[in-house]
C-alpha cells in the first residue's frame, strides 16, 4: 500500500465537511481535524510527486495572485502549488492595471475572477488593513457568485495578512512534525518565538502571531519573548492562551531572549515592528502622509538599534536543549556578517541549519496546494485514491 | 438534449466558412451570421463550464497579448479566454523587451509568434495609429507563415484599437440579448449612446464607435448624442447608417442627453475625447512632442468641464422608458460622489445597476474565447459536440 | 514512415547517455553526437508540430526564467519551448522579488526551484560574472536535490552568458545545416564571423565566441575578423583551434572585414564590445562605480566610431562567394538607414535576407525544447516514438 493510500485512509476518518468551498484566512478558524487534513493532503501530494504521478485536479483554471508587497518565496510557492494542481497563475499587477482611483475592491474582485478558481492575496503592510482587504475582496466574489456574475466561487488562500501568515506557519509546523517524527512526539516540547534585532525596516507581525496562534495547539510549551514595546496583537495572544488550555499545551511570556531560549527544543528568532508604531503607521497611511511614514521609519530603526543584544548568537544557541534546538526562520534572514554587520542570527548558526531551513521552506508549496485541494474538491479522499491509481505520469 | 447541443445545431445552420483562420478587427467586417456564431459559441462555452466540462481545444499553445495601454478587465478576460481553451498567455511587455529603437513591427511580430496561436492587441491611444499597428503586425505574421518561418498562422483578436472595441461591444450586445430574452425582442428598442462628463483625461472613441457600428444591426433605434466637438469618426457613422438601413433599425443623432434618454430602453453614457483634439494629439505624438501632449491634456480637461451637465443622474434616468432603462458601462466608470466629485453617473444609479453591470462584463471572456475558437477550429460544430459528449471534467 | 520516426531511429544510434539530468552551459562541453542529438530532436519536434501532434512530455511543471538583461527573442523562445513540452514559465523578476541585499544565490536558487524542472538564465553583461552566476545557481539546486529539499533536480539551459550563447548558436547552426542540405555539405565552406560597427553600446562577446566555439566542429573554415582591441576570450579561441584540428575544419584570423568576406559562403557580421574594456567594466561593476561605467560607455562609443568602415554593405557582400553568401544575424541588427544612420548592415542587404534571417531565429524554440527534452527524459527515442504514435492532437 502506498503512502498516499495510507494518508487517504487517515483523511477519511477526519471531520472535514466544512472545508469544501471555504476560505483560508487564519489557522484558528479551522478545527484541529481540518488542520490535520491539510498536513495529510500536503504529504500525499509530495508522495505522489516523488513517484512521478500526475496531481492535476484541474484541466484548466486560474489562480489569481495579488501581492501588495514584494515576495519571492511565497510567489513561487503559490505558483508551484497552482501548477501542481493544473491551475495557471495570473498575477494582478496593480501597476499595469487600469484600477481607477476610487474603483471599489468589489469591482476589481469581480473583474479579475470570471474564471478564477483560487485567489491568493498578500497584504501585510498595515495593521488593520490586510485582513480587511482580503475579507472585502472575498465577500465581493461570493456575492458575485450568488448573483450569477461568476460561474464558480473562487476561494481564498491568505498569503499573509496583518494578522496571520497561515501558509508560512503551516509549513513551519509540518516541518516540525516531520523533524520530531510525528505530532505525538511534540507534547511538552518547548518552542521559543522571540524577537531579534534587524537593521532593516519594521517587518510584519503576522509570523510571530501566526506561530503562537498555531503552535499552541499541539501540546507544546510556547514562549513568546520580545523587548518592551514589541507586543503582538492582544487578540492573538488570547487565542494562543485558549488554544493551550484546550489542547494541553502552554503559552507564556518571557522577558528576555535568554530566558526564552533556556532548554528550548525549537527556536524561532526573528524581527518584527513595534505594535504601537505599526498602528501609528496605519494612521499615517490612511492620511496619505508619506513624509510621516518616512520619519516614523527612522524612529523605528533607532528603536530597533537599542536591542542589538536580541540576536541568535552561538552563545544564545548554547542555552537551548543540548545546545542544539531546531532553528527556524521564514527567510530571508538578516545574517550577522553576511547580509549585514549585526542582524538576527550569527552566520555560523544560520549556516549550520541551512539544509533544515530550506526544507522548512519546501513544505510551503505543498501546504498551499493542500489548502486549495481541500477547498475545491468535495471528496478529497477519492481524489487522492484516483491520483494514486491512475497511470498518468507527471513527466514522460 | 443539453443547451450546448441545441446551440451546436443552431451553429450548423449558419454560413461561417470564412471564419476559419480569420482575424477579428471590427464587427462590421463580419456578416450577421458570423456574429451570431460568436454569440452562439460564447453561450455554449458558458454552458459547458457550468456543467464542469473541459473546454480545451488546445493541448498546448500560446496566446500572445500586447497591451500598449493599461488594462485590467480586458487583460483578465483575454487570459481567462485563453486558459478556458488550453492556451497559455505570454505577455509582450515592451518595457522588458529588447525592442531596439527602429526594430520593425514586422520583426517583432515574427519573433514573438513562433508558437503563437492567437495574438491579442490593445492599442487605442492615438487616432489613426491603433488599427494600423494591428494590421501591420498581422500582415507580418501572415507573411511569416507563408514563408515557412511560422509553423502555424496566428489569428488576431482586437482587444481595442482606435476605431472599434469589438470584444467589449460584443459582450455588451450578448448582455442585451440575454436581458431582453433574445434578438427577436430587440426590434424597435431605443438605445442611447451618449457622451458623459468625466474629470479624467480624454478616453478613446472606440467604445461609442463600436456601439453604433454594432448595435444598429439588430433592428434597434440607436441614437448618438454628444456636445459639440465630440464627434466620432465619420466613417463609422456611415457604417451605422448603412447597417440600420440594411437591417431595419435606425441611426440618429440627438443634440442633448435629455433628448437621447427620452423613452430609451438602453442607455450607455460614457466619456470620450473630442475627435479633433485626438487628431491633434496624434500629430504631437508623431512629432515626439510630449510637452505639447501635456498642454493639450489640460485644454481637453477644461473643454470637458464645460459640459458637466452631461451626466447620468437620477433625473436623467427618469426620462428613460418607465424610468428604468438598462444602464450600460464598459467600466471603470467615473462615479459622482464615489470616485470623483462630479462624473459620468450618480452613485445611486450606478449602485442600483451593479449586478447587471458586472454581468455585462462577465460575457467578455466567453466572447473572446468564441472568437478564438471560430478562427482556430475548422469544424466548430463537431468541437462543441465533442466537448459535450466527452467525460473530461474541468475540475475533478 | 514519418520524418519523426526516421529521426528517432537516427537518435537511437547516438551515444547520448550522459545527457540525462545534465546542464547545458557551453556547446564545447558536449560531444559531437550530443549536439547531433539536439539537432535531431529539434527537427522531430518541429515535424510533430507540423502534423498537429501533441509534444507534451510534462503533465505539469515549471520552467523558471531569469533574465538579468532585457530580452524579447530569447524570452519568447524559452516560453515557446516550455509550452511545447507542457511546462509553464514562471519568471523571476528580481525587481518584484524580496531578494534581500545579501541574500545568497544559493538561497534564491532553492526558493524558486521547489517545482522547477528547468532553469533558463540570461546573464551576459559582465565578463567573468555571467557563467559564474549560472554555475553557483545550479550547484545550489543540485545540492538542494541531494539534501532532499527539492523533489526533482532542475537542469539548466544557458540562455546567454558572458562566454557562450548556445541556444543562439545551435539555432544558427541548424539553419546552416538545413540551408546547405545537410552537415555533409559543409566541408570546406568558409564562414566569416566578423565585427561590425554599431552606434549602440558595447554588446556581449558571447555570440562571436559561441560561433567560433561551435562552427569549427563541422569541417568548415571559420575566420574571425575584428578591429584591433576587439579580441574575444583567448580560452574560446583555443577551443576553436582544437575543434578545427579534431574535426577537419580550420580556424583563422583575418585583419580586415574585406579579407574575411572574400569568397565566404556564410557571413555573420555583428558588433561587440572591446574585450579589455569589458574587463575594466566588470571591475567598475564590482566596485559599484556607476559613474565610471557611464564614462567608459562614452569611451567605448567613441572607439566604435573609429571603425565605421566595418559594415556589411552591398560592396562588402559582393566579395563573398558569387556575391551571395548566406547572411546571418542574431537580431536585432543596427541597420543603416533604417534604425540608425550608420550601422552593422545596409538596409538593402538586410532586407534581401529577411526571410532566411527570421527562419534562422525560428529554430531557437525547437533547439531549446530539444535541450530540455534530452536532459529530462531518460529514453528520448521512446518519447519521440510515443508522440508520433499517439492520437493526441495539439489542436482539436
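We just call them A, B and C in the order they show up, numbering each chain from 1.
Going forward, a residue touches a chain if its C-beta (ideal position, glycine included) is under 8 Å from a C-beta of that chain, and two chains touch if they have at least 3 such contacts.
Keep in mind that this is a model prediction, so the values were computed, not measured.
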Query - subunit C and subunit A - chains in contact with each - result: B
Query raised in the report: Quick one: how far do you have to rotate subunit A to sit on subunit B, C-alpha fit, nearest 5 degrees?
Result: 120
**Report entry** Same-residue or different-residue interface between subunit B and subunit C, half as cut-off
**Finding:** different
Report summary line: Chain centres from averaged Cα atoms put subunit B and subunit C apart, in whole Å, by 40
**Report entry** Where subunit B touches two or more other chains at once, by residue number
**Finding:** 88
Query raised in the report: Which residues, counting only subunit C, touch subunit B once they are in their complex?
Result: 46, 49-50, 54-56, 67, 70-73, 75-77, 79-80, 83-86, 88-89, 200, 331-332, 334-335, 338-340, 354-355, 358-359, 361-362, 364-365, 392-396
Query raised in the report: Which of the residues in subunit C come into contact with subunit A in the complex?
Result: 57-62, 88, 90, 92, 96-104, 106-108, 110-112, 114-115, 117, 144, 147-152, 376-377, 383, 386
